[in-house]
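Lettered A, B, C, D and E in written order, each chain numbered from 1.
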């Protein structure tokens, strides 16, 4: 029983991790339909920048995280301006490959011996220690991740559905010319959207890094899963992304537990295939 | 002057780059030292030039790289992964090069390729003392959470067999891929559900440390058997030293007798802790150079003949590990030392029986 | 843009030139690059049928490449089959599996289709990686022998085995190009183009969209398996890594640089990018610092790929584009 | 009384809570032009979508040439002989006019993947048949001379004709046109009317949706009026244009070709060009 | 006043507008006649900033409209109901309309008032307010497009074939509404295939042929011009 509960918590924590990363991508991929494969790269940069803040600037965790979020946000906005904006009318594969180019660049940059090098880095947990509830152990860091993912979801959903800026993002993603005709400065909105997405990626990375580890290729592992999660949840649906994240996490953890750990990833992806085969639109269709 | 090019094909980008770079650094450092010191082969001064090509851990890329190098008449090529080694092994005779293999895959030796020079010592030597020590200290039940790389799987199989041979019981295999797993908690939970006394863990140091951490946090009080790929000296910078108490694994390179020169030098140049990846490849390159001197030739076959003699003649300062020689099938015969750890202090373990 | 059919002569000339190459006694390395390019070109041709002609972005193709390769590897190594029998079996197996995948995957469209196939690609790679007893798992399959008769044939032509492989790849590539060209120029192929242009419209034109997509998928995965079988005997060693999404994306990249939906693109792309990446290796730590931005620039400034740009140039020279003049300026007073 | 080509019984479809088409029973007589009119959102396009198999009805049945086609897929419906155009012009703009129209002929050919790979006799025959079929269709709409231009380079009107040619290339018995004259000026509208009439003379049955009353009144043999998804009237143009319910819901003061901009007293049978 | 001077627009090598000169005075309804492909939409797109001219100028009360920034033009009182509608298909009708008032985002009360007004004009949209714009019928979408341009409360309204796909009754209502809006002081530039109705409410008009203005005049002049009658009025 305790083992089962423990696994439940493990799944929740893993789901929180996935959700946090997926939410950053929901904006650019789910809403704006830009297949930004460099998102994993931004995520990775976020972790390294926080690491750099902690070790080089010797500042504490929270300011390091904030600086990292701001820098990655700016970088993401720049990326929109220089690459995705000019490619906005090209077929999907074009921005996708360009984004891969950016990902390669980021990884090579960080892995360069003169920058951080290819070795693993570690960010210490800002709130070390564990909580034990009914024999179930969970670390503070994981609780923070779960809480942050729920907060991010609520915030993002509110932002998109209830604020005018949120509506302008959706409007722009659906018809750029139409958006301009009603007076929306689409250039600014596009960059803003990327900036938010970048900041979310950096925050996610900084929160998750203490649980996992910091490597130049850390974004690649996440990339595939979070793209899958967004499709699973239903493109453009924020609650869908959360549900998708937890669903993936639960199938991995419990699939691993009851079937075979070595096949946990296979089970996770198989679940995706199954869900899409049954509901080709994903779990949640885009709402209005 | 004569310039002899030394080839290297390994993962220098992507997820395994850290590993590739570590192995490359050993060769590189040895070459820099040898060039500084000056090597003479048959009276002629020889300088070495390292030609490194990235293969991203992909065997087909290794094959392409090796073809490129042999087209340029490079006669000595270091490859640090079994897939690449096995792929290019059949090419050694035709294209006349000496394959310096850094991998402990037994199949490499089974091929009985006359032009292979394999560096790592056999890991099966670790099994008996690891098992005996931990079984005595903690109990008879072993849990498995090793990485699922080829090497990790071999280890898992081998330790399972040895543990059973010594009369213990072994739980289900809860191995996960240390390179792609996002959170180890669930694997650890599953392994701990069987209430093991000892856990087998290991993969690259950093994720291994995270596995150990998760196990301790979930209340595991027993001991760890740490696969040789993970290095204590790297792990204890990542997690509280007490988490490692009662673990057995390989002795940190810096604790070997006579390695201080190498360790100091390495830390000065690369600003990081040298591991056996660097150390063994450093040694391999030195053996190679020595064999050229002894053979009076830089012809790969001639050099191959003198590897054993070279290994025996090499001073400890250049070999890092104590070398007994090179076997007929081209395997380094080195002394290896293992240790158990408590509060950052290492206790060397005695090895009862040595496989050759 | 419609692939403009330049007639077979350009292709025949190209293949003749390629066939003469080994007579120049190139180094083993150059021959190896040639064979690799041809193998990846075949894979790119396979993907192009779905992406370039049918407008569906599949991301499982390295998986089928892997299935083709492992089928050949397993059948020859473990079941003792003759390669020349195992190869066609691998192709048929990939076609059947592609058909099965299509049955499920074509329920979805657009991004969902791509991600679903990506997931399938990952699953294939993982299964190959984990099914130790069949595939050798992480250790891979080692010692796949060259096709029986190839060495003898090569020697009778005064070549080494590598030369034999070169011609084998050349013939396989030529066959692939021929089949793809025929497909594109056919009634069936035009229906694929129609689907690319708009599914609803194609449906209203009476095209059975689902069936056409399924057939396209079968052809596409069969070609991937065909390339994979060749890869297996050529490299002689198989590891799961060569069947993963990274390979799929690499080939996608080749395709984009060469030119989507063109006949020459899938050959031009690998020729250029494969050679380029080999040469960039010399830059060591800087290789991806250069390659990444280069990719971005290529995509941005040569959006139709090199073959696409060429076709456009030729098209413009042949038919001076009719400036869309208004049909009739009202002049009836 | 001409025999009926298409029979619709109690046809209906819901989108969530909305009954877009509801219990429509009607028939389309062979060899005639039937117009479907009604306010915006009345369900006219949806009605076409149901007939052509784009939507599956939630109730009712459709019979075409004495065969039940209610559950058939679009491509099967097309192969039975029902072709359509879309409300907003949808054609293959990047392809040449000819190639686009050849696609419309696909349903009359059998050659598949293996014919393509082996370049069988069937492939060659079908290829020739497609070409011939497409050219025939282009001649009917008067675009044979533009066959090799990219379709996107044609004017709006030209593109509409390409759309019709594509539909014709499938050798239909029944042609469904959704607002064929939208965006056309009076002169072009007249030309289009002549084209449609020619097609019908050639044996085709046409059903069309249109808001341009000049065209509807000038062309239709019978009119079906939809409102809120339901049929509220059916009859000859004269009958329908006098129907108070229709005037109330739809026509207002435009019962007689008001959109063409004349006084509204033109006889229904006369075409716009003779109005001067 | 809208003042267009020597305006030329090119698509690549093809010139769609040649030195067009026209103006719309404050409070006027001006109709633009022209065959398919004459360049009407090109002119509208240029005036709303979606298209940049190759030469010439267009100003609204002295403010240049040719900067290629539509958002600037709307903010300065020039709104367009474009060809092709350019709606936000996955957003609800009401969100589409509210976004039409984006430039008045600080004035919620005014936006709500205007919203009531356009619902009054197009009662068919009321029951569709929560439906996604993309699910609407063609004519309903056209209504949303017109309504959205009204939501911007422009001083100059550019209507590119507003009656496209609308039922006759609705066309009548739209033209009435245009007159009402105009009566409140809004200038209107209107392109229509339904020339008869358009000329019926216009003060003046221009004829555009092959990208050139070939004729201009007051309403009654055009109504009686033989060329106009045969080509655009179908009489």
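What we mean here is this: a residue touches a chain if its C-beta (ideal position, glycine included) is under 8 Å from a C-beta of that chain, and two chains touch if they have at least 3 such contacts.
Keep in mind it's a predicted model, so treat the numbers as computed, not measured.
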Minimum number of chain-to-chain contact steps, subunit B to subunit C: 1
Distance-maximising chain from subunit D - centres being C-alpha averages: B
Whole-Å separation of chain centres (CA-atom averages), subunit C against subunit D: 42
Subunit A and subunit B: spacing of chain centres that average the CA atoms, whole Å: 36
Separation of subunit B from subunit D, taking each centre as the mean of its C-alpha atoms, in whole Å: 75
Centroid distance [mean C-alpha coordinates] between subunit C and subunit A, Å: 32
Sequence positions of subunit E contacting 2 or more other chains: 35-37, 230-231
Multi-partner residues of subunit B (each touching 2 or more other chains): 13, 148
For subunit D, residues contacting two or more additional chains: 155, 157
Partner subunit C, residues of subunit B touching it in the complex: 12-13, 52-54, 57-60, 63-65, 67-68, 70-71, 82-83, 86-87, 90, 95, 105, 107, 148-150, 153
Subunit E - residues contacting subunit D, complex: 35-37, 124, 128, 135-140, 142-143, 161, 164-172, 193-197, 229-235
Subunit C partner contacts - residues on subunit A that touch it in the complex: 33, 35, 83, 86-87, 90-98, 100-109, 111-113, 224, 227-228, 231, 235, 262-263, 265-266, 269-270, 272-273, 276-277, 280-282
Partner subunit C, residues of subunit D touching it in the complex: 52, 54, 73-75, 78-79, 83-84, 86, 90-92, 94-96, 99, 102-104, 106-107, 109, 111-113, 115-117, 119, 123, 126-127, 130, 148-149, 152-155, 157-158, 166-167, 170
Footprint of subunit A on subunit E - complex, ascending: 48-50, 69-71, 74-75, 79-80, 82, 85-92, 95, 98-103, 105, 130, 132, 148-149, 151-152
